[in-house]
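The letters A, B, C and D name the chains in turn, as written, and every chain counts its residues from 1.
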């Protein structure tokens, strides 16, 4: 599923990076962020504090603090592993989903399949193209939208690239109800738009919503089309506002998913290098 | 504390990368890995499985799985935030440690201070230089060791660089007791070796042990010297074996810490680009 | 603080129990229950399921399932330990609160101080006395209310007894916002009512709200009056509806707090024996 | 499965209680206790401490502390729900185990089926009968042992009673490896001994080991015989030392499992009333 050995980081960078500016594409993780109700709630709590007694005296009267974190892998900006999704009870490759589920997480198709991500990416700023701050809840992005946006901006999406789709949704990050789609759904591609991306040979996709696809779904489950049918990973809850302000088009995308054995995804702090 | 705005990713890469090979410097996270007893134990458990009933019918008979993860930020390969450590009750900058501790984690000096890491790094393969698979528990790395290793390998460590120190400890990853130092301590720099690194102006340091410094400590708390006195971040539990096999010397180090508000550190999946 | 060694379970029961009916005074714990925003959210997730592979073959082709639970001690029906509360930075007995806080929880005044609870209790059905289903948010229960309710129902509250106060709030259990006091506060005693209970020598108090006291507080912190000043434990989120329907007045109260070392309280499933 | 509505607490107590002494049958919960490796590790950490900033000023300069707890239901002294166990993939009643497993825990046969426990119990002090401090790892308790112990002590076990079996294992509580059976197994009944208890019509059983049954199992899975075949609940990790010192034979057993919806068991703090 991966051909990382052949990735040459320098030539990829040279091919798409112009001046070398780094843009952070992540949201922070905190107690007030929107978490999908089906995922475990996020908690971070200090476990040991500096003043806590130590078992024995410490050199230089030093101390340390640490924390306990409870979370789902699908927290804040994150990537979906292939085994996160199934269609008709089967995961990518055709295996019954229940066959890969264990007390230690997914036995296969977990997030450790995803190597370091270092690829060219193209930004489809659909909100910008439509001249709005953000798409509306439930607003579909069609193949025609992708075509139109690509033509207007002379976008150059090549096989193996990552396609990032901006709906403007990052502006709603502090409004959990709206961000999570509880006020009429989420904007994003339906079957038609997703097929357009698949036909261009993208290796991964990402957007600034928690679902990537339009909710309610249109025509098919886009998650199933991508993860199950085509092994195309999905990155969600990206913050694409700075990229759009800079009118970025094609650039280097770098993301380093945690290698959590058995996990159905990983929080991610991706960057773009322009 | 950071001057990331001025980092030019392309010029940094051009300065140190030769052929462009990417090397993963992380260990995976799983239930069997060594976790320091003072940190919260790590658990990953599937929360929703594919066959679980959904609240309403789903398009394409699709389903998703997710997990609940419990962990400390200091799990597997990770980076320490400045507020992780104190000397005589004070954190970097002189504030009492208790002043920054809250029910939401650290109010300041947390891991969100650390931007994307994209810097030249130099490998001090101390184990290789000594001709051993791994240093012994409690074995100190002195300034003379750093000098000798640098001279032998013609190492070029410049101000602002990251210094990575290989002890060979990654070979003990599957032996928690030994790895955690319960069998006589850990190898690493004492005050003398740490001062040598500080004098060279390193911006960050890292090693393949869970403490970076020699345990039992020698001369001073190296954590306090680095984090508290000098605001130099520490990366621990690196896997430096592949780097050493390739005889890597100076290269690009890329790490993207999660922006967990209040956290005293973050798990990290760093890469080297050679 | 405790003198339970002298409690004779049989004579206590004989003194207050008439026919022997047991009434459950607890709410269940589930994902939809109201949890105070300052407490950690509650999550229960199956960890191992029956079909998960076992490390080795098992006799009789048997299997087991278990779960991972994340919670605060102050979840659903629960009891507060003395160290849960402080006044002006000091806990019961005068010690600075920070002196008993450690990485393992409270070093003293934790919930393990509370032995098995087996005591006479008296129900003050304030809602019934006022002829309402439930008191209003922020409605104070005064000494005069306790006097009036006691007189009307010929209540017999003796030193060492537990006083249970019914506001009717258990009816709001499925409305988290209202139950937690986000719609104008909570009904309960202010300083005046609390002092009346203290003057009668109660050993513990309980009510059907998450705070026992009126919120916003009136006159003083009733928690501080009880836990800090007088070492009187507080039981919260009781379900007193069945007791009220039976017009119970004095009865045996049995509660068995978990002996969680360091905890500031414990979930509780108390019963009344009539 | 439940017929507790008809339980008359007073008459049950009157039938078996002599002087009224209460004995605590639980172990405490702390970070050092033995936890079976297949269960989630236990962590308790203070979440909010007294000195932490509050969102707004508080009356009487008061403050509270709370904690975050991570655990399995099968922690320290606890009771198993029926759905905890399966035989050949089926739970009690014949349903496939997978049919009751959901993202919210067990849909049926969870711990909320267990009402307040208030029943006569009989202590089989097998260690005392054999004249040893504790049975050996893997030592089986047979029907003949139960017969012999009952005869010697004139035990009066009646249908509906709880049978408690003392192996002396509570003395190993601070030796996790031995306590968990990692040094040759655990003492307890095999098929033969379990059948003897079943034939006497016990409603529940309990012992001072983490498995109740002999490990390695002998003849059949005793858990399956009890939980799956007969709906007899199992209480584990009891501390029966004080009971044995008092030579208690028949007494009142009171246990109040938490009503955690979906849980496969509950921690328990049971008492005996003599």
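Rule of thumb we're sticking to: contacts are C-beta pairs under 8 Å (C-beta built on N, C-alpha and C of every residue); 3 or more make two chains touch, one makes a residue touch a chain.
Predicted model, so just to flag it, every value in this text is computed and none were measured.
Peer 1: Smallest number of touch links from chain B to reach chain D?
Peer 2: The least step count works out to 1.
Peer 1: For the two copies chain C and chain D, what rotation in degrees overlays their C-alpha atoms? Round to the nearest 5.
Peer 2: In degrees, rounded to 5: 180.
Peer 1: Looking at B-D, C-D or A-D, which pair matches A-C on over half of its contact pairs by residue number?
Peer 2: B-D
Peer 1: Looking only at C-beta pairs that count as contacts, which pair of chains has more of them, A-B or B-C?
Peer 2: A-B is joined by more C-beta pairs in contact.
Peer 1: With touch defined as above, tell me whether chain A and chain D contact each other through largely the same residue numbers, more than half shared, or through different ones.
Peer 2: same
Peer 1: Once you find the CA centre of chain A and the CA centre of chain B, what distance in Å lies between them?
Peer 2: One centre to the other, that is 24 Å.
Peer 1: Report the inter-centroid distance (CA atoms only) between chain B and chain C in whole Å.
Peer 2: 45
Peer 1: Specify, in ascending order, the residues of chain C that touch 2 or more different other chains.
Peer 2: 38, 40, 43, 45-49, 51, 68, 70, 98, 101-103
Peer 1: Tell me the shape of the graph of touching chains, choosing from line, ring, star, complete and other.
Peer 2: Graph shape here is complete: every pair of chains touches.
Peer 1: Touching residues of chain C toward chain B in the complex: what are they?
Peer 2: 38, 43, 45-47, 49, 68, 70, 98, 103
Peer 1: Which residues of chain C touch chain D once you look at their complex with the stated criterion?
Peer 2: On the chain C side, the touching residues are 4, 7-13, 17-22, 24, 26-31, 38-40, 44-51, 58-74, 76, 83-89, 91, 97-98, 101-106, 112, 115-116, 118, 216-217, 220-221, 223-224, 228, 254-265, 267-271, 273.
Peer 1: Tell me, which parts of chain C touch chain A in their complex?
Peer 2: Interface residues on chain C, with respect to chain A: 40-41, 43, 45, 47-49, 51-53, 70, 98, 101-103.
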